[in-house]
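Pasting the structures in now, so scroll down.
Look at the two complexes coming up: chain A is in both, with chain B in one and chain C in the other.
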Partner chain A sequence: MFALPALTVYVVFLVYPAVSSLWFSFTDWDGLSPAYNVVGLDNYARMLEDPVVLTAGKNNLIWSLVTIVFPVTLGLALALLLNGKVRAKPVLRLVFYAPGVLPLVSIASIWGWLYNPQYGAINSFLSLIGLGDLAQPWLGQDSTALWAVMVPAVWLRTGFPMLLYIAALQSIPAELYEAARVDGASRWRQFWHVTMPSLRSAHYIVLALSLIDSFKVFDMIYAMTYGGPGTATQVMGTWMYANVFQYYQAGYGTAIAVVITLIAIAVGIPYVRSQTRERAT
Partner chain B sequence: MTSVTPITTTPAAAPSKTARPSKDTAKDTVRGGLVLTVVTGLVAVFWISPLALLVVTAIRPLPDFIGNGPLSWPSAFTWENFSDAWDIGNFATTYGNSALLLILKVPLGVLISAMLGFALAKLRMKFRRTVMFSVFLGLTIPIYIAIVPVFIMMRTAGATDSVIGLIGPYLAFGIPFEVLVLQSFFRQIPNEIIEAARVDGAGDWRIFWTVVLPLSAPALVTVLILDAVATWNEFLFALILLNSDANKTLPVGLLNFQGQFSNNTTGLAAGILIAVVPILLAYTLLQRWIVAGLTAGATKG
Partner chain C sequence: MTGRSYTRRGFLALSSVAVTGLGISACTGASISGGGATAPASNKLRLFTYEDDTTIGSLKAQVKKFDEQNGTTTTIDSLPGSGAAQYPDKLRTELLGGSGPDVWRIWGGQIGAPFAKAKQAADLAPYYQKYGWDSSINTAAVQGMTFDGVKAGVPFTARALGAWYNKELLAKAGVTDVPTTYAELEEMNDKLVAAGITPCGLGGKYGWHIMRLFEYLLEHTAGPELHDRLLLGQDSWDRPEVVEAFTLFKKWQDKKWLPEGALGLDPADVGTWYVQGKVAYDIEGQWTETAAILAADKDPKDFGVFQLPTDQSPARHSGFVEGYMINANSGNKDKAAALLDFLLTPESQKAMQIGSSTVKGAEPDPATTPLAAEWAEKYGDSPFYTIQDQAFPKKEADQYFSIQSDLLQGSMTPAAAAEKMQEIVAAWAGN
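On to the complex of A and B.
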């Protein structure tokens, strides 16, 4: 049976763990001792009263919004540029997608260094152009930390939509533009009435994949701020991790993971269904 | 596209690959191209400047960096940062571990995903839609829902703190994407070819090896590369399952190194470069395949 090896691995290491996390979320297990009690929905009730969950949820929302809107818009703009008369397209494309292949931890290291209040390039650059007053500990204060972590995320995520949009732009028939021009449509109108509608399926894929991806945020926050300062940059993933591995509250931690996973699945189902349907015909 | 009237007089649309209007005269086109190139080039320079800065910092002595600031041009050059970082950062070990993981996991993952993809695309299978839906749903599932049970599973099996123990979870979380891409590629193989092989007496297994896989070489290469990138960069499972320095993979090792070198900026820069330059080189060489794979889904459907 061809399906068996992959399905076995999938069930053992993904489906089964996910389901047993669901079970643990109904217990008060600490993650270490062999014994635990079933506490029903207590962990979920506790989440409602946990101020960090509120912060984390809000941060997840901001994270999703910012790391989708900016990369997608920038990616589309770059794709339009690179689809035009620009030379050296392969090199430019290479440059813009390059951050996307790096380990998130290395991106966190690079930006952690750029943000360094004392030796970082960003504050030095601000002084250099006479805006030294704006220099600040970007990652070290509540007001800027989350934004400072999102900038590298935008940096690394812009390449992917750019590549998808370039591919999609290249498949728009030139005749559509000819026709629009014959009708006297301006560049602007051509963009809104020819380009954008033709990119509809690309938009859908870009947005669906970005949205699915945005719920998985963990590495970058963990490596750059570990949720701090205080709890300013906590997201559900890092707060779950802290509860399980730092506070030994595996039951509560898995409940957090269950909630965000259910949201991710709910959001992802239309995309998954479209993939299943499209291929099955 | 409501405002676009149907083309009545097709003006022999120039078969230009890019669908750009070409009203401008040739000279304007050249000049417009130059301006755009310069603008885009500047954006690209800005985009890559963190990495460029990293290179400049890594090849200068620490006192020079501290004395003159991060944006100054080095007054002296040195390779010492690299040798320091290499030794203290334990890179020989972490590179070895990551490479071992790559060699063991990626081909195996692509093979079993291809087998499942083949079954989904070309074989009669019970509950096909259900299986497909369940596997694709894995794309949406964050790794952190699985870490506690996987950690316990591995501890029970005595497989924590070993690169080998990472293979199972890595395979499982790679399968949804690999199967999605491969089965959609397999689906495009004409059934006649497979029927012909069957008439010649080939069984499913032989058809898989001698017909389906050879015809799918581009998709296989793409999936291999993308899976290699994902495996090389994975962080969360490696973070919780590996504890001793001797067993760490590159991302986890780099995190440790970052902590140790927080005051040695030039050494840190060298260490980061040691970690990323090979990936960037591989990416440069293989970018055609990466782009093809990433954009496979964008133009159809």
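On to the complex of A and C.
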């Protein structure tokens, strides 16, 4: 009985919409009309023939790889740096974490201006230091647009792993390092044989959350390039949105959403399993 | 052991369901209540629009006046800035969520059509009769808000696109007269580039802004009759006139008649560059006088406007209709219609400085918007072709924008672009 209010909220706001969304993925609902037809697995089969789904899937993979490897590595490096004896440590933590709390639309606007080919700071700076030949229409060409959006994504996503790693580093007993030093371990060996194993659970959390976050990317792409030029920066999230909300193909768009969710579940299972193991012990 | 295993699996299963739920419910927010029951009547109205800061004040003032006279309370929500790329999505989401506005502003053609087709917008025929809109509003504009014979909207502006230019920059390049032929326009562009000035300010983000150039070039190469047939899918796009238009389109970029990296530029930024002196001209509608020139406290005398020369007869420009729709599920349809009728009086239209009103007797005032008045006087009676993002449904328009993008980046030839356009239009028109 005590669980009933929470369960009701859960069922009404989560389970019901999820199940009805799954249902719509088997229909040709346009998203506006009250009438629709059941089309079975047609929407899923259609995804296999949709060239934009291929582009979007590829972009998701590239995005996930880059926006996990760089922020996690940088976050760990910064955490190690800030865990030591560094002056102005609280200020630096704030500086590195600050981009993560800024509204994404603001970040997208700011970087959009920085990338402006004629008046943006990036091309102006390149010209100033004599590298004008490297100036590009960063967001206006297929070859650079996705990479250009990934730069602010890395910038704003570095702070979160940094904080998690700092917390994890502070929980490593100092005795382990003392013992390693007594055994003559260099700083590098201390890092590999004491620090890294002790950060195992932090790695799980950081990687799982980063992976899920990366795969459901939508906002940065939508705000900075709108999926363009053409469809060059479409990812599964923006393509789902385009179909559901712009093309009046809610059935097809929902099928894309279901696939995104299944992938997110697949990559989230190791994290959930690790958490359940911890709870069980 | 068994108990522990069960708990772990249970947690895993619940977590998976939670993730699934969060994922797909957040993605779609789907509900079948889109058709929704009619809301109860009240004195409260909500109007949804995309007015920006420069125009929403005058709309609010008129609505307040209406409220005072009729005892209603009208809330106005606005989503400015993104053009037709995002506003319809927000509107649609609101309607599906069951909290749709009583009245909303919308573009005509294929942008407004889905709302009429899904019967989210009320049939306004009874109100056309009651308020005599058929006789007070421009007939051609009414057609733009009529969908499959149903008058699902009432038009209040008929926009026309022309070249809005900065006189100082043209003078700096030695251009004394605005072009009257396409060859003269190219000549003017060359002079501007030679003077270090980017001629035409258009941005490719969202696709619709830079589209204004291509549709003009197509009018130039194909002529009025063929252009109209192409837009309706009645003729093949895979033809020399279309190839020539795409070739010219590429030429505009290659000769730097467009800004560097135009494809990535946001129309909201580029649209004011001619006022700021960063480009010589832009392809805009009459709204730009209020939204860009007057909003920047600039003197309209420093700017000018001309119809882009097509070398065709009749000389046409791109145009589109905007109007209002009433929510079919609103419990306040009569009051909403009364509000629209109030906004459609010549007095309200003039007070809102609508530079392209569809209402007879509400022509632009030369004292407040001299350039819009000049346009109305010179080209007000010129025929227009449907702006392409209203001619095609959104999906087809996006596919077309993708071709524009590939062509300008050099990854598609003009001939391939024409062929691809034919595939897209044929698939749509064949349905």
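The rule is short, and it goes like this: the second predicted complex is superposed on the first by the 267 of 281 C-alpha atoms of A that agree within 3 Å, B and C clash if a C-alpha of one lies under 4 Å from a C-alpha of the other, contacts with A are read in each partner's own complex, and residues count from 1 in each chain.
In the analysis below, contacts are C-beta pairs under 8 Å (C-beta built on N, C-alpha and C of every residue); 3 or more make two chains touch, one makes a residue touch a chain.
Because the structure is a prediction, the values reported are computed rather than measured.
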Clash or fit (per the criteria above) of chain B with chain C on chain A: clash
Chain B versus chain C as contact partner of A:191, first or second or both or neither: neither
Contacts of A:147 with chain B and chain C, given as first, second, both or neither: neither
Touching partner for A:103 - first (chain B), second (chain C), both, neither: first
Which of chain B and chain C A:231 touches, first, second, both or neither: second
Touched partner set for A:248, first chain B, second chain C, both or neither: second
First, second, both or neither for A:13, with chain B first and chain C second: both
Chain A: partner with more touched residues, chain B or chain C: B
Partner chain(s) touched by A:260 [first = chain B, second = chain C, both, neither]: both
First, second, both or neither for A:24, with chain B first and chain C second: both
Clash with chain B, by chain C stretch, listed 92-100, 146-154, 290-298 or 344-352: 92-100
On chain A, positions contacted by chain B and by chain C: 13-15, 17-18, 20-21, 24, 31, 112, 116, 119, 216, 237, 240-241, 244-245, 250, 253-254, 257-258, 260-261, 264-265, 268-269, 272-273, 275-276, 279-280
Of chain A, residues touching chain B in the complex: 1-3, 5-7, 9-10, 12-18, 20-21, 24, 31, 78, 81-88, 90-99, 101-106, 108-114, 116, 119-121, 124-125, 128, 155, 160, 163-183, 185, 187, 189-190, 193-194, 197-198, 201-202, 205-206, 212, 215-216, 218-219, 222-223, 237, 240-241, 244-245, 250, 253-254, 257-258, 260-261, 264-265, 267-269, 271-276, 278-280
Chain C to chain A touching residues, read off their complex: 4, 7-8, 11-12, 15-25, 27-32, 34-35, 85, 88-89, 92-93, 95-96, 114-115, 117-120, 198, 204-207, 259-266, 269, 278, 393-395, 398, 401-406, 409, 411
Residues of chain B touching chain A in the complex: 1-7, 9-11, 13-21, 23, 29, 32-34, 36-37, 39-41, 43-44, 47-48, 50-51, 53-54, 65-66, 69-71, 112-113, 115-116, 118-121, 123, 125, 128-129, 131-150, 153, 168-169, 171-173, 175-176, 179-180, 183-184, 187, 204, 208, 229, 232-233, 235-236, 239-240, 250-252, 254-255, 258, 265, 268-269, 271-272, 275-276, 279-280, 283-284, 287, 290-291, 294-295, 297-301
In the complex with chain C, residue positions of chain A that touch it: 13-15, 17-18, 20-22, 24, 29-34, 112, 115-119, 136-142, 145, 216, 225-226, 228-232, 237, 240-242, 244-250, 253-254, 257-258, 260-262, 264-265, 268-269, 272-273, 275-277, 279-280
